[in-house]
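Labels run A, B, C, D, E, F, G and H following the written order; every chain starts at residue 1.
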Amino acid sequence: MNDVLNLGFARLDLAREARQGLPEVVYGPGKTVDQIVGIVTGLLEHNTGPVLVTRIEADAAEAVLAHVDEGGYDAEARLLLWRPAITGDFAVTVAAAGTSDRPVAAEAVAVASAVGLDTTAVHDVGVAGLDRILQVRGRLRSADAVIVVAGMEGALASVVGGLVRAPVVAVPVSTGYGASLEGVTALLAMHASCAAGVTVVNIDSGFSAAMAVHRIAQIRGAAR
Amino acid sequence: MNDVLNLGFARLDLAREARQGLPEVVYGPGKTVDQIVGIVTGLLEHNTGPVLVTRIEADAAEAVLAHVDEGGYDAEARLLLWRPAITGDFAVTVAAAGTSDRPVAAEAVAVASAVGLDTTAVHDVGVAGLDRILQVRGRLRSADAVIVVAGMEGALASVVGGLVRAPVVAVPVSTGYGASLEGVTALLAMHASCAAGVTVVNIDSGFSAAMAVHRIAQIRGAAR
Amino acid sequence: MNDVLNLGFARLDLAREARQGLPEVVYGPGKTVDQIVGIVTGLLEHNTGPVLVTRIEADAAEAVLAHVDEGGYDAEARLLLWRPAITGDFAVTVAAAGTSDRPVAAEAVAVASAVGLDTTAVHDVGVAGLDRILQVRGRLRSADAVIVVAGMEGALASVVGGLVRAPVVAVPVSTGYGASLEGVTALLAMHASCAAGVTVVNIDSGFSAAMAVHRIAQIRGAAR
Amino acid sequence: MNDVLNLGFARLDLAREARQGLPEVVYGPGKTVDQIVGIVTGLLEHNTGPVLVTRIEADAAEAVLAHVDEGGYDAEARLLLWRPAITGDFAVTVAAAGTSDRPVAAEAVAVASAVGLDTTAVHDVGVAGLDRILQVRGRLRSADAVIVVAGMEGALASVVGGLVRAPVVAVPVSTGYGASLEGVTALLAMHASCAAGVTVVNIDSGFSAAMAVHRIAQIRGAAR
Amino acid sequence: MNDVLNLGFARLDLAREARQGLPEVVYGPGKTVDQIVGIVTGLLEHNTGPVLVTRIEADAAEAVLAHVDEGGYDAEARLLLWRPAITGDFAVTVAAAGTSDRPVAAEAVAVASAVGLDTTAVHDVGVAGLDRILQVRGRLRSADAVIVVAGMEGALASVVGGLVRAPVVAVPVSTGYGASLEGVTALLAMHASCAAGVTVVNIDSGFSAAMAVHRIAQIRGAAR
Amino acid sequence: MNDVLNLGFARLDLAREARQGLPEVVYGPGKTVDQIVGIVTGLLEHNTGPVLVTRIEADAAEAVLAHVDEGGYDAEARLLLWRPAITGDFAVTVAAAGTSDRPVAAEAVAVASAVGLDTTAVHDVGVAGLDRILQVRGRLRSADAVIVVAGMEGALASVVGGLVRAPVVAVPVSTGYGASLEGVTALLAMHASCAAGVTVVNIDSGFSAAMAVHRIAQIRGAAR
Amino acid sequence: MNDVLNLGFARLDLAREARQGLPEVVYGPGKTVDQIVGIVTGLLEHNTGPVLVTRIEADAAEAVLAHVDEGGYDAEARLLLWRPAITGDFAVTVAAAGTSDRPVAAEAVAVASAVGLDTTAVHDVGVAGLDRILQVRGRLRSADAVIVVAGMEGALASVVGGLVRAPVVAVPVSTGYGASLEGVTALLAMHASCAAGVTVVNIDSGFSAAMAVHRIAQIRGAAR
Amino acid sequence: MNDVLNLGFARLDLAREARQGLPEVVYGPGKTVDQIVGIVTGLLEHNTGPVLVTRIEADAAEAVLAHVDEGGYDAEARLLLWRPAITGDFAVTVAAAGTSDRPVAAEAVAVASAVGLDTTAVHDVGVAGLDRILQVRGRLRSADAVIVVAGMEGALASVVGGLVRAPVVAVPVSTGYGASLEGVTALLAMHASCAAGVTVVNIDSGFSAAMAVHRIAQIRGAAR
């Protein structure tokens, strides 16, 4: 079966691009620079879409870029990227509750943009000052999908879920202290949310939220 | 020391009324009718303020009332009550997120009223429909203190905490299912809240919230 | 503001239909028959779309139907329903891992159908017999969205997430015993899933999954 | 709406001072020096009350002070402060169980003082030596509100709650080891407390306790 | 090896009496009346000391007593007992925080008495009214060992641990609700106690506490 | 693909017998009598080995047996069984710590016997009386595999793991109270065991342990 | 009241020596060298018994010793000590399961010795090799009290509890990984132990165990 | 009894080789180089089989090797090894879900090989790309036992458990973030697995899995 490229230390699922519309995304932690170079090279060669490495620190990214041309690095999002997709007409808004949620929001924005979603962000719209969220209500409502990034009690997901009609993907964030339990409280709270139809991804995973919206965006594509 | 009345099965802290402005409140569960009758009789005789029995079911309440005159029973709040205090000018608003939070809100209302607070309730103002909470914003802001009763993700506490200047006491509720973890999620979420100065009491304890406000209300008394 | 109908015991968010494409859905537990009748009557009168009451047992459902005409009851899904939407062309497949996941799957199917999604179910496709899941791979791939219902270790979500391109909403189920921790293990496992872009809703909430897909389905509507 | 100042990386809720009696308080962790300088400058310019930055280390504080004049730094409390309020006549006593609770108590004292509360502290009054707490009983009883700071089993909150009539706000502390579970045990124990009307804030949050008392203190102000 | 009597469904550790000063104690739950009769008969025959069955309900106890003469049943403690030991001069005081802790305290008292300890109880000495505990300080200090029985936050263990010189064995109780987590909070809090040298046994196990003191009491015996 | 028999409500994995040496085992809970009859009938018809239904209560078992001939029911193990395998020469000893572990041990014995393992049990060999376990050391050592069934602290698994050379499969049991946390403590403790190479299955799952040994026993078969 | 010495940063409970037979023990973490010097000096001056500082690292210990004469430091136990008690005739054996439990055992030994107990240790007697524990059975049985120090599954406490008649104090240790949950598993397992009358102290607290035995040892003293 | 070699700091269980077919394996963490040298020397002298030290870092390993000849070090597995067994005919396949599971898989491979198992590994066969696992189905089915190493949701264990007839030992891995809870989610999910007869060892313990298979492999030996 030649849909899998066996590199010894990894098996590339080359068929994923055909199957899911995007090549495998590489999760950086725990991989050596050599392994990442090998995987990225394989994907660039055998697939045609965007190639992404997530959660990679600056020095490792630099080392990889020294071996593989034409890539770019987004330091805040910790994302390495080759062949970004052309931006389409599917509008995603990433709403982040506080300034400490920025890095996770940045990953969501960077990954969503890389796969061709038309992505913008609004920051610091936590529910303790409702005017801030009401002020951007229009922007939220005009989006095709909303990603909510919030730590602490995660209340923003419920509030946004009640304001918009579009799909809402909530990302719990591990900021906060004490009762925040490193994001577990926000994750549970988002699931217990009173707003119907809000879905949740893993703690701190801006990447997963972007990929969830990527799946959703293909709906429209299919409808064209 | 005659500040303690030893009934054998219980020691009544008779000095509590002088020390804290209110006789001991009797927690019903686990006590027999005879024990409750004995305790209530002792408190009515040796203290002068309101006497309350919390979390007592209708049949037990009826049995107690058959032995001790002049008491009243609030079935929704499951509260037995003698000598309610005269309503003062300290205004408390109890805001409940959903209809399933009613029993806990009812306990908060009943206990707060019994100890002389001027108490009203607004129901079903969960954050999934912000208009509902914004609609009652005026009532919330005019209160001297607000008790927020909310299960699920407990987001209402954060939102109300951001809307009002007054003390906010949040009561997590054990309704909900799955990720609600019988109120533990709401308790943790309320603590992780982004609204500064919101305090929290035990799960389902409308009683504790009312008592917390009773402590606060004495501040104004002292200021008179 | 006349977007909210205050019934005293509840505030109906009448504007939700305009805002989110569907009237408020009524969560049955903790509400009396009279309260449900009042809420349903209000929604039927002031809104035009489907009216649903979830998690209502047969006897309560019968009592409600005695007061409100033209409703139907789905006993397996425990769903009361008035004015179901006409089935559109958005195809949802609900995939359930085992026979004990049926009730949750039934709720997902019933709610999704009620709001106009073209819904079918495949049962008993747990990953311990991969042939079963591979056998229905075609059906899964042809769906516009997939809802995965699975208790125990929740592995079906990862496997389906890897097979299809469409949005996948996973519902952890509280069946199982011991290490299943009443669904918490499945919820956590689904979040930790290695399949990118799978989203998760609360334990046992077929309703939430259906509503999440309802949000997604409006994407296509907007694209028409 | 000009009640919100959009700095790009943050939205200042300028109306909070009018709404809640105090400008937004800045939570330091996760913010760069430049961001803090920007936020503080905005608040100093558009609001008139005290401006606080919490949980900021000495070197970052120094860097901020180099850009914004007239501020002060409290190293034990890790608090940056501009325009402290004039001390009023609302007396707060901060009671700390042990010497390892000092840093949290220090934050409570510093924030409470900064917002104009007349604040004093008693240290090392844990319940294992009851004489110590009985010795300061008079000081506790003369306070308008008491903040109890305690790690380990948090028993001090129950004991103080039983001694005084005033509002008691308990702060669980993450000191201790093993069964202390980084403050979670104290948080849960304080909620389970047998002393009626004691409220609780997040683990280690001297800040939240001070803000809760600030809300309470406005009661008296309103009564004047 | 004839130190073990094999009844088929159970193996009696007959040597335990010689080894530990007391025959095996029978844990009632999950055993049939016939099994209990068989075990008790075996112990009465082959050992000479007290024979106890713990946590046995009234009807099962009656059925056992119909087959085995000369036993007694303590309904509050749920204890079946044959051949109680003569009361010695080792004084144990069982201190219970509230009236809902009575059943656990009763088990501690009954088991301790049965094995020959000179046992008395003081009830309702929770720390919210310190006068109550101070009032019995003398009795606590004159005991050779103290068993503290407390649910909720378990603070009584810390306070008593600080008052007396004798061994203190703490029993967390599963009463309370919400944050009490069915006794887990009290168990953790007692371990985190600031009072040195307090030991803890399993939740609700008055039996274990009594047995721990039985071990301790043999110290004095050895010293005679 | 005719390896799967689609009954509508269930998909029978008919190939499992060829693939794994045993037909699918039916998990009883949550299935109707009709469903069980359908599944059992299908398995009896299309497969040739033992057919088992686990965790089925007596009345349901009787109802199933009324429709499907030649089955037997083991009430203690709650196991329905058709076509038990002939007993081979692979010797399994099931060692249970206490009498309350019997039902789980019974399931392990019944399932292991049904699939052809030569199974015996030793009961009540908990580690608090080491003589009991040492007494059966010979029997344990002569077994080809040992299943250890233990609740409470699960120490028996470590001790047996150190005594024998054979595979040891540990089953944590949900008996006990308080700190036993319904078997979770035993599960964790067995994993943390100091005895190398002990493996663990789900809480209360005598079935899983028997199936694990069934896998192991096929090793010898292959070696013949 | 001059039983308390107020140092400003700490209140020394000078009466503790009279009340409990030992001066306050100083818990090192979180205290500065100056604070420790102040406390130790105060205790040496106003009390007459042993003065101990626990959990203090070598450099801090050296700094303290530079200011306070005649002290000694036990590096393995991390204990600073002045005026150790004369060794009496109360024999304590500290049994440690593995070599990684040594530091906790060392603290138990050092503290027990410092307060006058006749203390010895046996190491590496974990239950996976029963011969090791049986080999020292005699030593264990001749002790007046046994401290069991064990991480992982904590099974040694159950086994020792079954072997000896004397008081057994178990110390869970935070060594191990994964399912050991930093000692929480051992703590829970020790509580769930099948050996009657074993008591437990906080994770890693050799100190607490020694103090518990110190309380017990006074029993014999009282009997002289 | 000379089956135990008492080194003072450790007691070597010399009889283990006779009893269990392998000398004690040394767990490296928490032991000094001198202690390891002493233990290894003792085992090499008194036993004849393989001597292993697990989880030892490179520098410590080098220091040990300087004192004890003829050993080897496997850096990825962090394993020190003397006298490896001759490879027999028992085939073990170690299947790892992702590249971040490699170190744990490496330990399983190295230990299994050291004790004479014929061990190979397949990497990166996570279930999100089923083709990868189906591709190696043949290799998995031809193994005498399979070790599955997987973090995240651990779904690979269920899938492999359903594919093969041989014993499957699952190792949960602590990689992943957020909801992975450092391997606890994978551990629980593997226990809740729908695949019958899969057993589980402690988080990250490639060593335990190898030892479990070593026990199993002796079955075949006994059958020869």
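Just so we're on the same page, contacts are C-beta pairs under 8 Å (C-beta built on N, C-alpha and C of every residue); 3 or more make two chains touch, one makes a residue touch a chain.
Because the structure is a prediction, the values reported are computed rather than measured.
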Where chain A and chain H overlap in contact partners, by chain label: C
Shortest contact path, chain C to chain E, counted in steps: 2
Most distant chain from chain E by Cα centroid: A
F-H or B-E - the one linked by more C-beta pairs in contact: F-H
Cα superposition angle of chain D on its copy chain H, in degrees to the nearest 5: 180
Same vs different contact residues, chain A with chain D, by half of numbers used: different
Rounded Å distance, chain B centre to chain G centre (Cα mean): 44
Whole-Å gap between the CA centroids of chain G and chain H: 36
Distance between the centres, which are taken as Cα means, of chain G and chain E, whole angstrom: 25
Distance from chain E to chain A - Cα centre to Cα centre, in angstrom: 57
Sequence positions of chain E contacting 2 or more other chains: 98, 128-129, 162-163, 178-181, 187, 191-192, 196, 202-203
Interchain contacts (touch definition) - all pairs: A-B, A-C, A-D, A-H, B-C, B-D, B-E, C-F, C-H, D-E, D-G, E-F, E-G, F-G, F-H, G-H
Of chain B, residues touching chain D in the complex: 19-21, 25, 144-145, 162-169, 187, 191-192, 196-203, 207-208, 210-220, 222-224
Chain F-facing residues of chain E, complex: 1, 3-4, 8-11, 13, 15-16, 24, 27, 29-31, 35, 172, 174, 183-184, 187, 202-205
Footprint of chain G on chain F - complex, ascending: 97-98, 126-130, 134, 151-155, 157-159, 161-163, 176, 178-181, 185-196
Sites on chain H touched by chain A in the complex: 98-100, 102, 123-125, 128-129, 131-132, 135, 175, 177-181
